[in-house]
Structure formats: C-alpha cells, structure tokens
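Here come two complexes built around chain A, the first alongside chain B, the second alongside chain C.
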Partner chain A sequence: MKTQSHAQAAAEFIKDDARTHWHDETLWHVRQKRDLSAQGIPEWETLRDTASATKDYVLSHLDELLEQFEANALANGVEVLWAKDAQEHNEHVYRILQENKVSNIVKSKSILTEECGLNHYLEDKGYDVVDTDLGERIIQFAKQAPSHIVLPAIHLKKQDIGEIFHEHIGTDEGASDPKYLTEAARQHLRKKFVEANAAITGVNFGIAETGGFVVCTNEGNADMGTHLADIHIACMGIEKLIPRATDLGVFLRLLARSATGQSITNYSSHFHKPAPGKKLYIILVDNGRTEQLGREDFKNSLKCIRCGACMNTCPIYRRSGGYSYNSTVPGPIGSILSPGKDLKKYSTLPFASTLCGSCSDVCPVKINIHEQLYKWRQVITENTDVDASKNLAMKVAGYTFGRPVLYDLAGKMARAALKITPDSLVYSSINVWGKHRNLPDVPKESFKEWYQKNRKS
Partner chain B sequence: MSSKASILAAIKKNKPEASSLPALLVFPDEQNLVEKYEKGLTGNGGKLIQAANLEEVQAYIEANFSGEQLKASLVEGIDGNVNVNNISDPHDLEHVELAVLNGELGVAENGAIWMPEKNVVHRVLPFIAQHLIILLKKDSLLTNMHQAYEKVKVNEHGYGVFIAGPSKTADIEQSLVIGAHGPRSLTVFLVD
Partner chain C sequence: MRVGLFIPCYVDQFYPGVAKATLELLEKHGVEVDYPLSQTCCGQPMANSGYERYGKASSELFMKNFGGFDYIVAPSGSCTLHVKDHVLPKEENAPKIYELCEFLTDVLKVKDIASTFPYKVGFHSSCHGLRGLRLAKCSERMDPEFNKPLSLLKQVKEIEMIELDRKDECCGFGGTFAVAEEAVSVTMGNDRLADHTRNGVEVLTGADMSCLMHLQGLIKRQNSPIKVMHIAEILNGNPVE
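Up next, the complex of A and B:
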C-alpha cells in the first residue's frame, strides 16, 4: 500500500473548515501562553543556551553516561535492560509481566511506548493496557493514536469526547461538560489504579550521576500507578540522559513553560529505588537513535525533550492536524526524526513546512529544526522518486535558469501566453504549484527589460 | 554481541566530537519571596495561607472537614485519625480524604515544594488523598529551581517529588479541570 502523503492526509483534515480554524486557534493560544511564560524569565535565552550545550555534552559522551547511569541504577536496586529496537523493548516488557504474573497494567504517557507499538504488542498477547493520562484514555477508547505529544486528544471536541465516554464508561448521553467528563474518568481510572499490579511509565530525564529518573505529569497519574502497583517498568530512550541532578534546574524550568506556558508541571517525580518489597525496571531503548547520532546534519534532533512547542507554533501543523504526519511524533520535530527511521515512508514530511523557522525559535534546546527540514529535502530528492510532476517542473526550471537567453525568451513567451491562456489550463493538475495558489497578475515586461529602459534616465 | 554492547559500540562509532559540560547557572536572589511564591502556587491551582501557628491550621481543618472523614497527618501537632506509620499496604489509604504533610522547601518562581520520601512515608499518600495540605516554613523559600537542586539531594531517599499544585488536566478542549486523579485541592500553609 502506498503511504498517503502529508498533503493528501492534510486535505482530509481541512475538509472541515470550522474545525480546522478551531484547531489552529487552540494551538496558537498554547503558543501564546508559552511566550508569556518565557518572557517572564529574563534569563530565558541563557537557559536555552545551557540546555542545548548540556545536550551537546550528553550526545558526545553518551556511551560513558549510559554506563554511569546503569551502574548507579543497579546500585540502587533497579534492574536495567537494554533494547536495540522496538521488538526487543516489547519483549522485555512482556517477559517482566510474565515473570511477575501481572494481570492488570496501567500506563502513563510515554511517546517511546507509542513509537514501539507496545500497546498493540501486549494486546496481541492478551493483556489489557490501561492508558491513564486523560487525553490518552480518550483516544484509547476511540482506537486512535495521539495527534500531539503533549496534548494527545487536541483534535477532539468535547462533544466527541462526551460521545466516546457515553459509549465506554456510561456517562449521560449528550453530556459534554469537561468537569463532568473528567470526574467520570477519575472514578473509572481510580478503580484501575487500585487493581493494577504493574505500572508502565516513560522517562522525561535520566540522571547519569545518580541512576535515577524524573517523570513529569499534571494529573498525578504516573504516581498513582507506580506507587500502588508492585512492578514499575520505566521505558527510556537512550538520549533522555542528563549528566547531573543539578541540570534538572535548567531543564525543568524550560520544559513546562515551553510546552503549555505553565511554570512547572504540578508533579515532577524523582525515582531512584523501588519501594520496599517492590520492583523497578528501566529499559534503555535505541531503536534508531545511535544511527541518527551518526548523521552529522541530523544528530541534533536527539536533543529533543518532547515539549511540543514546535507543533504549537507551526503554521502547517496547526492547520493540518497531527494525523496528517502519519508518524508517532508529528509536527516539525517529527518531520526531522521520522525520515531517519524510514526515508521512503516519511519522504513527504520535510516538505510539510514553510521553512519559516518558528519551530527553531521556540525550541528550548535550540534544535535547528527548519535547517534540518531543508537538509532532509535535499537527501530525499537525491534518494527517492519525489512527486513526478514536481520533479519534471524542477528539471525544466533548472535547465532554463542555467541559460540566460533561453530564460529571457521563456519569460517573454510566458507573459504573452498567460494573458490568453484560460484558467482551466493554468490551474490544471500538471501545475501542482497552482493547486493552492493564484498566479500574480502578469507584468507587461520583465525586470531586466524595465531596468534597461530606465537605467539611463 | 549483547544489545548493550552493540548499542555502546554504535555510540562510540557515531558520537560527535567531545564538547564540555556547561557550568552551573547562578542568578540573583529575588526579593519578596512570599509574594512570588504565592503567585507561582496560585498559578498552578493551589492556595496559600499564612499561618501564625499550628492552631490556625488545625482550625482550618476542623472548619473544612468533618470528624468522620479520614485524615492522615504526618505533621506533629495536627490531629489525624489514620495512622500512616501503622499501614503496610498503600491500598489501605484509598479512602483518605485529607493528607497533611510537611514540605521540605518551596520554590518562589513556580510554587513547587520538595517532598522527600521520608515526609510522606507512603509514596502514594500525597496523590491518593482527596485533598492535600502542606506546611512550609517561610524561611525555606528559595528563588528558583537552580537553588532548589543545589539544596536537595535527589537520591537521599528512594523517591522524592516536587509538588506544585493539585492534580489537574486540560485534556478536554484545553479546559482546566482541577482534580484529575489525585488531590482536588492543595492548600499550603506558610508558617514562621
């Protein structure tokens, strides 16, 4: 099956004009809250520089830091497992669940487990994984994937959620008050927390010098799950390390402010040892990260702390929705991470950008996202069959621009021809450029002709 | 080759040229820490009350909670009717209405309070209780997170958490709702 291009998937999304506007405005509002919050910190740019430099250090010492992290975690009584890919990660989780005779699993938000397809893997093995983040529970009921890494259900309206809850947890038909729906989810999930014997979480930051890790939530769902269950499995991408506990001062100041404009998430939980009588596992996952590390132009994408700011600010993401990217991490950062995993499948993502650079401007770890998008375009054009009509047009244009006489002639002919060509031909399917754009009015003469005439006077 | 060995080998092969670790950041102390702290806390959905003594805290609890409701207090001088230290299974805390705990230090820039494991006994207590009261010493207030991490030893205990407000969510159309899974309120008493 041919994968849908970003433009095709986006075309689906924008069919509902009112909803597209609502999505755009909602995310722009989050962006504005981020600005307000960042502007309240005079040292904001110093924080970004420091975070970026700290991550540079991490990437250039990643092997040593991982070994240090593992040694300290082992000394803390934590079991550490390594997974080279998604499959091995999922197998580790499965084995832990089997060994500990787990029947009920709760999971807090983890983009990594989405990336590894953990829920589907475990469901195939007969496990029911309960996502406990409210947004994730909503989309789990609806059998959807997150459309945003921080706001997983941002594409849904409260009426949609009311319908989903009515069907799955028996809320009143037609009820859509967020307070009422949240309370219903609270009661429903509290039962799940109490029954759970294993809790799976992601990791926001792993601390090399102490072997511990930090999980950030507003809901407290990661803590409700892990502190009641006997087994805690923390799934962590190898790039999530920071060298020192004191580095958290920088990263926690940046994370929530960049994500939603909050000064900090209401819970920032630091796990080092399992509680007495319980077990704690950390799975360190590669899944393409070491390969990305070796790509000079793209390695900086591994600095990402998953705040989602680049999505909220992106004029394309806001108007095309998370699903149009068809990738676990959507938006600008997803568009530079995903081609590294599968160049062909994600070949249209780096083109889903205006290259305006707003993503790079808001990135708390100063990833040069828009420059990487531009570089991926070049890699993709060289290595894949890009859209045939675009390719032909580019070849013709390239040939013409390289030959001044031909260029002058082509310009004259085009100006003459466009005046008499019917729109149906100008905006025909061959002209992909004209699909969403109107041509400007045709000038009488080229700039060169005008300049030659006017230079003397 | 084990996965660990192959991952480490791939990193050694691919990692960029070594860069140096930036020095720790230090920023000037804020004035009006109490005012800043209150702004930070209320921004997260919490409430600040300045109390002259423990009797005021006790009176607040009596005015807002009934005698039968389960109250777990780990603050000396504040009455509770659940003895947390006698509980071995954290599930037994399921019906606790109010937990009263001592906070270690407060951060003015964002309202966060450091709660090491020793201050909560059961890790789940500050989450499973329907309401949470934290007592915080006024002189424990710090300017920012950098100062907090200078002071806190994160691995002193097996677990510790910065609590900055009640449990909250905005996952339904970005509408803020307090009381997602954990406490429906956080009241911080600032004491001398």
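Up next, the complex of A and C:
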C-alpha cells in the first residue's frame, strides 16, 4: 500500500477550516506560554547552550556513559536489560511480566513504548495495558495514536473527549466540562492503580554517575503506578543519559518551560533502587539509535529531550495535525528522525517544511532541525525514486541557470507565454500555484533588459 | 569598495521595479554598483528541493560573476542566505554577501534614509532573513532586541509601522513547498494576511520578494485592498502603485 504523503494528509486535515484554526490557535497558545516563561529567565540562551553541549558530550561518550550507568544501576540493585530493537524490548517486558506473574499493568507516558508498539504486542499476548496519563487514556479509549508527544490528545476537543468518556467510563451524555471529565477519569484510574501489580514508565533522564533516573509527569501518574505496584519496568532509549546529577537542573528548567511554559513539571520523580521487597528493571533500548549516531549529519537529532516545543512552534504542524506525519514522533523532530528508520516511507516528511527555522531556535538543546531537513532532502532525492518528474525539472533548471544565454531566453519566453496565455489556462487545475493565488503581473521587460538599455554605455 | 549587485532570478523576471529601487537606493547612498550581466540564479530552488547537486553550474557561474567583488548585495534574505551557506567558498578573502537591509545598516551605517511614506505599514519578517541571516531577533530566542529592517523603516518620515499579532510567523511560501504543500501553504499565507488586515495594514512590505509574491497572489485573488511593496521601494521613496 502506498502511504499517503504528508501533503495529502495535510490537505485532508485542512478541509475542516474551523478545526484547523482551532488546532493552530491551541498550539500557538502553548508556544506563547513557553515564550513568556522563557522570557523570565535571563540566562535562557546560556541554558540552551549548556544543555546542547552536555548532550553533545553524551553522544560522543555514549559507550562509556552507558557502561557507567549500567554498573551504578546494578550496584543499586536494579536489573538492567539491553534491547537492540523494538522486538527485543517487547520480549523483555513480556518475560518480566510472565516471571512475576503480573496480571494488571499500568503505564505512564512513554514515547519509546509507543515507538516499540508495546501496547499492541502485550494486548496480543492477552494483557490489558492501562495508560494512566489522562491524554493517553483518552486516545487509548478512542483507539488512536498520540498526535503530539507531550499533548497526545491535543487534536481532540473537549466535546470529543466527553463522547469518548461517555462511551467508555459512563460519564453523562453530552457532558464536556473538563473538571467533571477529569474527575471521572481520576476515579476510573484510581481503581486501575490499586489493582496494578506492574508499572511501566518511560525515562526522561538517566544519570550515568548515579545509575538513577528521573521521570517527569504533570499528573503524578508515574508515581501512583510505581508506588503501588511491586514491579517497576522503566523503558529508556540509550540517548536519554546525562553525565551527572548536577546536570539535571539545566534540563529540568528547560524541559518544563519549553514543553508547556510551566516553570517546573509537577512531578520530577527520582528513582534509584527498588523499595524493599519490590523489583526495578531498566530496559536500555537501541532500536536504530546507534545507526542514527553513525550518521554525521543527523546524529545530533538524538539530543532531543522530547519537549514538543518544535511541534508547537511549527506553522505546518499546527495546521496539518500530528497524524499527517504518520510516524510515532510527528512534527519537525519526527521529520528528521523518521527518515533514518525508513527512507522511503517517510520520504515526504523532510519536505513538509518551509525551512523557516523556528524549530531550531525554539529547541532547548539546539538541534539544527531545519538544516537536517535540508540535508535529508538531498539524501532522499538521491536515494529514492520518489519524484522522477521533479528530478528532470530540477536538472533542466540547473542546466539553464548555469548558462546565462539560455536563462535570458527562458525568462523571456516564460514572460511572453504568460502574457499571451488566457487566464482560464493560467489558472487551470494543472496550475497548483494558481488555485488560490494569482501570478505576478508580467512586466514588459526584465531588469536585465532595462539595465542593458538604460545603464550600459 | 566594489559592490556587485545580485538580482535573484524571479526579481529580474517579474519584479524589475524592485531591482531598480535597490540599484537607485544603493547609488543614492554613495555606492558604486556593478551589475554583472551574465548572472542568473543562485541555485537555491534546486538546493532546497533536494537537488543541490544540480546547482553546480549556477554556483560556478555565480563565482565567475561575483568572485572579484569585495561585497555582493542582494534584495533578498533567502537568496543571500543560500549564497552565503552553499555558494561562496569559506575562505578569508572570499567576497562577502549582504542582504540589502543589513548592508545599509551594518556596512553603510545609514542614519538618514531620506524617504517619506505616509502609510500604515506591516512588515513581513521572512524566515531566512530573520533566522538565517539574523536580520532581527526572532521571537523564539531570548537575546536583546534588535531589528535591522525595522531600524531603517523607522527612519522613513510619516510612516506608521503596525504591530502584528504574530510578528514573525512564516507565510508558507517556502519555494517548491508553495506548490508541493499547496493546502498548508495557502492556509499559512491567508493566516498571515488576516493578521495584517485585522491590524489595519495598508501596505505590506518585506525584504524577500518571494514571500511577498505568495502573499500578493492571495491578496489579488481575494481583491484585498492591501498593497505589496518590497522594502527597497519604500526606502527608495517609490510611490504606492
């Protein structure tokens, strides 16, 4: 099956103009909250520089730091597992669940487990995985994927959520008051927390120096899960490391502000060792990360701390919705991560950008996202056969622009052609530009022609 | 000081008035301008579409035309950025390319632009100039405020600069993006336009004619009364047409 291009999916989304603008405004509002809170930090740019340099260090010393992290975690009584890909990761989780005779699982937000398709994998094995992040629970009910990495249900309006809750947890029909719905979800989840015997979490930061890790949530759902269940499985991408505990302050300050404009995430929970009588597992997952690390032009995409700011700021994401990217991580960062996984499938994503650069300037770890989009474009046109007609057109353009006489002639012909072509043809359905936009008026002469007549003596 | 004028291909072909205004403006401020006649295009359209490799001939031609100048000036942030990043050799004595506004503020240090423009003007901050060349502080960064194009417009007599709700959001042109992602591109353009309209802008200006061409296309189709002019035309004292 041919996957829909980003442009096609975006065009679908945009058909609902009111909803598109609601989506744009909602996310722009988050971007504005981010601006306001960043403005309150005089050393904001220094923080970004520091975080970026720290992550650069991590990526260039990943092997050492991972070993250090593992050794310290083991010494803390944590069981550490390695997974080269999604399959291995899922199998580890399954084995742990089996070994510990787990029947009820709660899971706080983890994009990594989304990337690995853990929920589906476990469901196929007969488990019911309860996502405990409110947004994630909503889309889990609706059988949807997250459309945003921080705000997974951001594409849904409160009325949509009211309907979903009515169907799944029996809230009143037509009720859409956020307070009422949240309270209902809280009661529903409370039961799940109490019943759970395993809690799965993601990891925001793993600290090499201590072997500990930090999980950030706004709802405290990771804590509820891990405190009540006997088994805690923390799923962590190998790039999530930071060297020292003292580095944490920089990242926590940046993360919350970049993500939502909060000065601190409500719960930054530190885990070091299993509580007496309980078990703590860390699964370190590669799943294509070392491969990306080997790509000089693209490796620093792994610095990402998943704050979502590049999505909130992206004028295309805001108007095309998370699903238009058709990848676990949507938006600008997704568009530079996904081609590394499947160049063909994600070949339109690096083109879903005007290269405006807002993502790179908003990114708390200073990933040069728009430059990588540009570089992926070069890789894609060279290594896929996605667009043969464009290839030819570009070849011709390249040839023409290299030859002044040809260029002058081509320009003259284009202007002449535009002048004599009737509007009905100029603005026909073949001319995509002209569907909603006029072409510029055609001047009687080019600047060069004018210059030759008037200035060259 | 030898200054070579680089006129981007679409400006040459469709907006000769902008090129003339640029030439006159530079001359007015005492610059001796040379316009190499065998110039074509910087190669950006190919490169941004993923075909940087087909831009070799145009890059070589560019260097043949402009390699001998101290300064190259172009009335386009986007083309300037491309030349800077991908065409000019990264050598000490290679020519330096400036976008028109930054050449006026940073090299000529113009303090009196000597132009009058009694209109309500909205400035479209094109992304490549803004975030690529750093013509101004963008809203994402938390550095001290500065704005080169605006500092020039503020020297224009009787002009009223209009504040926009989103002061530096992209208009959705993006080269081939404008066609490949038509739906998003048009929506973005309309949203920018609505911002200008809502805030009472009479003349929409900017330092990149490509973005302005996109916005003008929408304006004309919708019969909006907003006029579009390149910043060179305003700084040069051209009348509104």
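We adopt the following convention: the second predicted complex is superposed on the first by the 436 of 457 C-alpha atoms of A that agree within 3 Å, B and C clash if a C-alpha of one lies under 4 Å from a C-alpha of the other, contacts with A are read in each partner's own complex, and residues count from 1 in each chain.
Definition applied: contacts are C-beta pairs under 8 Å (C-beta built on N, C-alpha and C of every residue); 3 or more make two chains touch, one makes a residue touch a chain.
Note that the coordinates shown come from a computational prediction; the quantities given were computed from them, not determined experimentally.
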Which of chain B and chain C A:W450 touches, first, second, both or neither: second
Partner chain(s) touched by A:D16 [first = chain B, second = chain C, both, neither]: neither
First, second, both or neither for A:L228, with chain B first and chain C second: first
Partner chain(s) touched by A:T182 [first = chain B, second = chain C, both, neither]: first
Partner chain in contact with A:D172 - chain B first, chain C second, else both or neither: neither
Touching partner for A:T50 - first (chain B), second (chain C), both, neither: first
Which of chain B and chain C A:E25 touches, first, second, both or neither: neither
Shared chain A contacts, counted only where both chain B and chain C touch the same residue: 41
Interfacial residue positions of chain B with respect to chain A in the complex: 2-4, 6-8, 10-22, 24-25, 27, 40, 43-45, 90-91, 94, 109-112, 122-124, 127-128, 144-150, 152, 154-155, 157-175, 177, 179-183
Chain C residues within the chain A interface of the complex: 7, 9, 11-17, 19-20, 23, 35, 37-41, 43, 45-58, 60-61, 127-128, 130-132, 138-143, 166, 169-170, 172-189, 191, 213-214, 216-218, 220-221
Chain A residues touching chain C - in the complex, by the definition given at the top: 6-7, 10-11, 14, 17, 20-21, 24, 28, 35, 38-39, 41-42, 44-45, 313, 315-316, 319-320, 350-358, 360-362, 374, 377-378, 380-382, 390-391, 394-395, 397-404, 407, 411, 414-415, 432-433, 435-443, 445-448, 450-452, 455-456
Of all residues in chain A, those that touch chain B in their complex: 26, 29-30, 41, 43, 46-47, 49-50, 53-54, 56-57, 59-63, 66-67, 70, 76, 82-84, 88, 132-135, 138, 151-154, 156-158, 161, 178-179, 181-183, 185-186, 189-190, 193-194, 207, 210-212, 218-221, 223-224, 226-228, 238, 243-246, 248-250, 252-253, 260, 262-275, 284, 286, 290-291, 293-294, 296, 299
